[in-house]
Amino acid sequence: MSYIDRTKVAFGDASGSTKVILTGAVIGFLLPAVLSPYFAFLAAQYYLFALLALSLGLLWGYVGILSFGQAAFFGLGAYIMAWSFQYMFVPGINPAYVALVLAPLVNGAIAGVLGLFLFYSDVKDVYFVIITLALSVILEQLAVSVTSIFGGFNGIYLPRMAVSIPGVFNYQLSNDRLFYYVTLLALVGGYLVCRRIVRSDFGETLLAIKENEARTKSLGYNTARYKTLVFMVAGALAGVAGALYATLAQFVSPPVTGFVLSTEVVIWVAVGGRGLLLGAITGGILINAASTVLSSLVADRYILILGLIFIAVVVAFRKGVVGYVADRYDWGEKL
Amino acid sequence: MTALTGCLGGGGGGSSGPVRVGVLSPLSGAWTVYGEAHRRGFELAMQEVNDNGGINGRDVEVIVEDTQTDPSTVTEKAQKVIRQDNVDVVAGTFSSASRNAAAPVVTQEDKVLLYPTFYEGQDQENFPGTCNDLLFMFGIVPSQQAAPWMDYMTSEHGSNFYMVGSDYVWPRFTNQRVKQSLEELGGNVVGEEYIPLGTSDFGSVLSRISNSDADIVFGTLTGTDTIAFAKQFYSRGLNEEFTYWTVDDEEFATQGKGPQAARGTYVSFDYFQTIDTDLNNQFVDKVKSQYGEDAGMDTVGAAMYNAGHMFANAANEVGSVNTDDIISGLEGQSFTGPQGEVTMREQDHQMVLPSYLVQVPDDWSDTNDFEGMFEIVDQKESVTPATANCDFPLGKGN
Amino acid sequence: MIDFASIISQTLFATSILIVAALGLAIIFGMMGVINLAHGALITVGAYVAYAVTNAGLSIWAAFLVAPVVVALVGLVMERTVINRLYDRPVDTLLATWGFALVIQELIKVIFGTSAQSVPNPYSAPVEIMGANLPQYRIFLTALAAGLLVVTYVTFKYTDFGVKSRAVIQNDEMAGLLGTDVRSIYMWTFMIGAGLAGLAGAAVAPIVGADPRTGLGYLVQSFFVVIVGGTGQLLAGTLGGSGLIGGSAAALSFVSSQTFAQTVVFALAIVVIRLKPEGLFGGT
């Protein structure tokens, strides 16, 4: 097939979903015009949670690794941003920029070490869940008890970040609508990165690993290396999300790393659609938005409703919201 | 959410429609124990204000949000009541950590925060959580809560202190100040430990206390932890050997401890339900008729009650609920409430309050008996707090 | 001055609490292979049953009988409605049980409110042993742990049900061919595991109270006990795992804070799992 024909076919495959994605992005860019600053502030948080969910979506949907510890990376990213403002690691440079570079690097490195430690052994996949769960518990406990570094239960306060070009301008993003765009860009950027990975040859191998790791291994692929690399990317993404979250909320405290958030991420992705990147993003935005709305109506009972929905999804509606829509409209699986 | 009166019409912030107050209370989580009284004190005051014609002719609408335990939830709820519900003033938060979390939000949005809880005192380094022109502190500080009783406790029981507290700002700063008072009297701190919130097993701490030569165990543990600690303290026989003095365990925490674990414990606060004055008896009766015979009150509830009335009086005096007007109205205000006459000091926004040292008597057995729960050992009608460690005049940080 | 008596007694107490807490999971996860993330929630239900029973005026001993029955019934509901469809889908089992954990926790909040409740302690006064004042109740718990281990071991090794249960778990196809009612055995085994979790909740309630999050603290620890001890090894695994996890946490907490000690122990547990994935006593 010629290159043009191949492009046409590919475009034809994706056009339904691409239309939806583009529409969603356009709505996203236009929303601040109609949202009050407070709701822009809330939406910005949702986008960052969606980015966190995306990190799990990549890991779980395309490699089959269920991590109950993505919040640990998110939280670590948040603390790195807080420390950057506190300690000015590189004087003269915007601390937020420093953190936005450090967070993915540090998280990626830690994920790499963990991956090397865990994937290159016979640790069963399901044990990985318990281990990652323990990791978020560990980090939360450290954050609570090592007060000199983490600020403990009191947390650490930090200002809203500024965008700057040294010597030219320095503009603090106190305006929530402006920060909304920062988070939207981060989400879109993260999605595009993941989509690129998923649609590449590397991504093909990942799917093969997810389907049957033993067979893929026997074909000569170093599956542990692939898993570790994706784990690093996921950790980095979650770290960026966390770093931005810290400067959005202007406050970091132990729950941002912990057990509860970790398990919530799994619910977002499962309900949104665990096999698809868009599923993870949708789950992240949808459930958090719904929680805010429902908690005003039925106080904390919404967690009960969420739990029941989650069980139903797990037992019967395994593909999640986006999964079913994608099936219905035949959008394929590289979403 | 609770709205005391539904007035049709827009949110507060304007000069018509109801005056809106956001109440941030710990209704679930580690501090639920204090949450009900906290909320009720304020709601009761606002009800009385409404019965008396409201504020400048407008009814008061109370919006209650549950701040749970974590400071991050406090930040969220503070944002919500101010930016979504458009309240005119914010009342509450319970722990110092929560107050410190709400402070940047109220500072950014320029709203007054009425803070009711006993706390560690003010230090400029903790701005905006303290030393903030927008914050009014209705609770008691160590110079009123512990300092007046150091003499008595050290001469009766000994001057070696083992300090055990939860790990956050209130116990740490409180202990700093108490240490000072103690050392002035020639006493010693033989142990000082901070335990992360949510700990359920105090075995190692208790062993260390047991092996020390402390006379008094000075407690700044809080929430469910202080209850668990007291029970384990008792189950190891330590309350035979040591005197336990806590500046946290008011009526509800003590109720949680139960008679065996609480027996003999010393507590000191500015208010106890058991205080037998006409003013307090009237107040307690009102609480019971409103919330039921088993309803209880504590220092935080009384402080919220004071805060509510003093806010309303200030607003009525200056004729508006604008932030700067409320600030000038509250400074220097006096109010006669369950504790008698109390005054909000102009310079540092702290209250002149009474102080009571009480002990849980051996014959207290009914956990619903809030009056028999404490026996007054000594009292001071009015204790002026030490001047806050702030830069004056108080600013808003800009 | 190192207080050996304290360290030893603390270690013993911590180990026994973990044995009691983890035994139910040792059966459901260790033996059946069901990753029951609702284990903590089941413990919490046990604690609340203890609260409800004692609040109604009955003794704590009545609670010890009622709690396992109630929680076994909860387990029954879980197993019949959801779990039995998912025995060949371990990840979905994990997720479904987590969903149950959330639902159970929220239902508890709806029924009992969100604040912690006190449960009376029948042995609250201290007892003097060899010059040291020890909490009586903890001594009772140690005895309970030992007793439960013995009873569970005997049940699964020597009784008819126990033998069938092990057969089914080892090879359910074969067992089925030999005439055993496989579904029924799975159901009963799951219920026993749940019941033990309920008993654990009632057992710890007098010292930690009943709080919606009571069980959560024991969840991760229980999993580590079973994994580190060795799945499939009921007696040695539970005992060894509890000793290692609970004991070392207790011992470490003498030189650092309790939370930090637990952190170190979890990290060590992860290392053990990595180096010996079948657990210390595992490997069949």
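To keep things simple, chains are lettered A, B and C as they appear, and every chain counts its residues starting from 1.
What we mean here is this: a contact is a pair of C-beta atoms (placed from the backbone, for glycine too) under 8 Å apart; a residue touches a chain by one contact, two chains touch by 3 or more.
No experiment lies behind these values; they were computed from the predicted model shown.
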Listing by label each chain that touches chain A and chain B gives C
Which chain's mean C-alpha position is the greatest distance from chain A's? B
Approximately how many whole Å separate the CA-defined centres of chain B and chain C? 39
Taking each chain's centre as the mean position of its Cα atoms, how many Å separate chain A from chain C? 33
Note the residues in chain A that touch 2 or more other chains, in rising order. 141, 144-145, 300
Check: chain C positions touching at least 2 other chains come out as 109, 257, 259
Contacts with two or more other chains occur in chain B at residues 28, 196
Would you mind writing out the residues of chain A in touch with chain C in their complex? 66, 117-118, 121-127, 129-131, 133-135, 137-138, 141-142, 144-146, 259, 263, 266, 270, 300-301, 303-304, 306-308, 310-311, 314-315, 318
Okay, in this complex, where on chain C does chain A touch? 35, 82, 85-86, 90-92, 94-96, 98-103, 105-107, 109-110, 216, 220, 223-224, 227, 257, 259-260, 262-263, 266-267, 269-270, 273-274, 277
In the complex, go through chain A and note every residue touching chain B. 36-38, 41, 141, 144-145, 147, 152-155, 157, 249-251, 253-256, 296, 299-300
Which residues of chain C touch chain B in their complex? 1, 3, 6, 10, 13-14, 109, 114-116, 118, 120-121, 124-126, 128, 133-138, 207-209, 211, 217, 250, 253-254, 257-259
List of chain B residues in touch with chain A within their complex: 1, 28, 66, 70-72, 75, 79, 83-84, 97, 100-101, 104, 167-169, 194, 196-198
